[in-house]
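By letter and in written order, the chains are A, B and C; residue numbering begins at 1 in each of them.
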Amino acid sequence: MTTLVLAHQGISPAERLKDAAAVSFVALLLGIPMIGLTTVDQGGALRIATRWPMLFAFVAACFAGRLLLRYGLDHWRLRKLAREQAVAAAGARSLATSPLLTWIGWGALGVSLVLPIVFSDNRYVVDTATTVLIYVMLGWGLNVVVGLAGLLDLGYVAFYAVGAYTYGVLATQLGWTFWQALPVAGLMAATFGVILGWPTLRLRGDYLAIVTLGFGEIIRVILVNWTELSGGPNGISSIPRPSFFGLPFKPPGDDPTFASFFGLEYSPNQRIIFLYYLILALALLTNLFVSRMRKLPIGRAWEAMREDEIACKAMGINARNVKLSAFAIGAMLGGFAGVFFAARQGFISPESFTFNESAIILAIVVLGGMGSQLGVVLASLVLVLLPELGRDFAEYRMLIFGAAMILIMVWKPGGILSHREPTLRYLGGGKQ
Amino acid sequence: MALALQQLINGLTLGAVYGLIAIGYTMVYGIIGMINFAHGDIYMVSAFIAVTAFTLLATFGISSIPLSLLLVLLVAVLFTSVYGWTVERIAYRPLRGSSRLAPLISAIGMSIFLQNMVQLTQGARVKPIAPVLVGGIDLLTIDGFTVRLAYSQILIVFVTVALMAGFTWLITRTSFGRQQRSCEQDRTMTALLGINVDRTISLTFMLGAALAAVAGVMVTVYYGVVDFYIGFVAGIKAFTAAVLGGIGSLPGAMLGGLLIGLIEAFWAAYLSAEYKDVATFSILILVLMFRPSGLLGRPEVEKV
Amino acid sequence: MSAASPLLSVERLTMRFGGLLAIDDLSLDVAARQITGVIGPNGAGKTTFFNCLTGFYKPTIGSIRLNHPQRGVMRLEELASHQVARTAQVVRTFQNIRLFPKMTVLENLIVAQHNALQHASRFSLAGIFALPGYRRAEQAAMDKAVGWLKRLNLIDKADTAAGDLPYGMQRRIEIARALCVDPLLLCLDEPAAGLNPRESAELNELLKHLARDEGIAILLIEHDMSVVMNVSDHICVLNYGRKIAEGAPLQIQRDPNVIKAYLGEEDADEELHPEAVQP
């Protein structure tokens, strides 16, 4: 049932062509109703439109692609086999960190610190970088649940929404500031994590996934319909922006502002840059926090739970508590990101919290290599920058991400950067 | 009273559709033990194929309702099964025997891919088709409220019952059915007996897709509109139906479908239309908490 | 059986799965500081017995009482699986090895000390800031893990991912990991399966050492008669879920019931090639 590696070795060119022809035939069947034919709205009634050249191109691409892929795969498999034998002969694989990755990590940190200084009058760059950082933070938060604890959460956006709406409501109805609302919103999101987790964590992995998906939708439906609290489909607007320790970012007036206090000339970019550094700080704190948690008993228990739940129980670990803590902490981090999102946009509505958003965050974690902090950064960069490259990329973004999720799982289930660093070592003095 | 009767009719119709989709979930779960997250999207694809096929027939001037229905069903079932086969081949087969998270993620990737593929190739706008089957029978009138049984509803219930009968025969009486059931019990042993397990799994996916295709055609006829997002909600509801009936059980899937359809119809009529989806999700969570084996399923013993 | 009250006493234990009677009215005592062998043909209910003992299955009828030196009499059948390990200190290994394959050997052993460390980390607060109390606890956990790794000859592999190591080594790691939970009673499910004769002999020495010197009672499911007969103080034989014989190794070897039901018609295959049975 598993494909034998060596079975592909002696395949003849005729067989390759036959194989590619079979693939093209399937592609043709798939393509006829979706690519070859479509319907267009013409004066209220549908009319058939054909795209035969496009279908032909698609089938031809599948033919050529299959030939190349098959050829490449065969060679790659042989080499992989040889490499694995070499590794097996040399003993078990080492777990040493790649110094290159460490340097890339530090480099990325350096770039992110100086970016707004270099682009201080380019609002677009700083804004886009802020968006990237929001996704980085969400990715790191979800990584706790999916990457470390191995629980597939398809409704992560619900916690993001809870954070955003908690701040939105507290700020517009009770006049709370950003800094007052931040911890409360985090706690609120964590509470929701526990409420969701409590009944569902006994379930098998795939049930959990679909229940979290449903939960995400429930939250969205409630936000759309509970108009008194959430403003319904219109959302909540004029949410106050965060201040710099009480100093607002405003044109000079009676009260001291950020610009007047520091004797600077007022510029609207100051707030943009402040927001950038704020999310950078939040994201870095998240990273530090998660990295530290990973090296604590609770973090090791998360990973052990992912590896083998039954063995965990046999070691006296309370599986439910461990999973709940992962859920709660992941949710809390999502909630923090939500508060920042609300404060940055000044406006929130249920439209920002659809399943699509959950899918994007999950894609970031999966593509980045589950459990890898740097991978999440790279995946977020690609995800946010891709649509900025042009309208075509924006349209194809989710298509590409869906396909990439399948490919990565088939090719390298650990993700692109799937290296795992041990949480502590015996060699090197014993500690860490 | 009249409203209740009307909702009973509507709920049964809806439930029949959910049941058809739910069978796809339950069969795939039975044979490979995983949730096919892309199944709802397969159903959505079939609805689009139905829209195209209906429009094509109208272009050719075929106006006989039974003929066009039959042709559309045939075309949709054929093409959708190819989609079902491809999904299994690309996203699931290479992952058989890997960690439990990997096939789930690739299934979600497939679901995202299909949704966006349809959105790109067929457009993001809602597609309304010319009504195929109009009219119905006015059953009775109470206090000015007329209970109406639409012809399309009769069609849906009729087709579903016929399919269920045929399907039960297929699973219980044919050689494919026996192979399918033996794969469910023990895949390794089945393979040792010389049965092509890969082929049986592929056929199972195709069958599930074919049933989803019928559901897709029925929904297109019933509502007359289709968009690329319908697979998501219908998928979750059908999945809930499968879980409620007992995942792995075919009669359970149908029973679950009918119950979910009825609950939704009555909830929307008497409690709150806005929160009808919340009702379904809550049922899902409650069933999983208190009776994970569903109404007709067998309890699973955790293997240690 | 010793006259003093036993460490573990199982009374009238019955486990039914639908129509299948996996364990039928089993009563058994396990003495402290002794090795008790549980043998029987494949499908005799040995692993099911372990699953009932360690809280993974709820027995249909019967009681499992543990005489805990500090905590008094505990009813194991009422505890969840993690409580059995944590509070009753009854720890098990698995027939089809269940390590945390991507984690290093050392990490595997540290995870086994989760409860003590988690307590010391004070809901992770003391842990996050690496307060002295937590650092001490971590060092102690480390010392214990390293101690066992050295004793079991695994220290060279401390930083290797457990899943990458050979089978025999994984068996030892699983025992080392169970020892890190501080067991009062250690339940080993076929620890010698897949070991070569040298490894098997080492295992014998280890088991004896654990019972005599560390005072750990051991319940041992094993097909390898060279291990069971050599190390066991007491042996219980199961067949079709029932206890058919009990006594000292020499007694068991001569018991006509055992010879008939288990060793059968001088079928040496059972001894030489123990097969893995599904639980």
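Following the convention adopted for this analysis, a residue touches a chain if its C-beta (ideal position, glycine included) is under 8 Å from a C-beta of that chain, and two chains touch if they have at least 3 such contacts.
Predicted model only: the values in this text are computed from it and were never measured.
Each chain's centre was taken as the mean of its CA atoms, and the one lying most distant from chain A is C. Judged by contacting C-beta pairs, the busier of the interfaces A-C and A-B is A-B. Remark: chain B and chain C have CA centroids separated by 48 Å (rounded to whole angstrom). Centre to centre, using the average C-alpha position, chain A and chain C are separated by 42 Å. For this pair, chain A with chain B, the centres built from the Cα atoms lie 30 Å apart. Residues of chain A in contact with two or more other chains: 310. Chain contacts: chain B has residues 302, 304 touching two or more partner chains.
Residues of chain C found to touch two or more other chains are 56, 94.
Listing the residues of chain A that touch chain B in their complex gives 1-2, 26, 29-30, 32-35, 37-41, 44-48, 146, 150, 152, 154, 199-200, 202-203, 205-207, 209-211, 213-215, 217-218, 221-222, 224-225, 310, 355, 359, 362-363, 366, 370, 395-396, 398-399, 401-406, 409-410, 413. Listing the residues of chain A that touch chain C in their complex gives 92-93, 95, 289, 292-293, 296-298, 300-301, 303-304, 307-308, 310-319, 420, 422-427, 430-431. Residue ranges on chain B touching chain A, taken from their complex, read 34-35, 37, 45, 48-49, 51-53, 55-56, 59, 75, 79, 82-83, 85-86, 90-91, 94-106, 108-118, 120-123, 125, 127-130, 187, 191, 197-198, 232-233, 236, 239-240, 243, 274-275, 277-278, 280-282, 284-285, 288-289, 292, 302, 304.
Here chain C touches chain A in the complex through residues 54-56, 80-87, 91-92, 94, 98-104, 106-108, 110-112, 114-115, 117-118, 121, 124, 127-128, 138-139, 142, 146, 149, 155, 157-161, 164-165, 177-178, 181, going by the rule given at the top.
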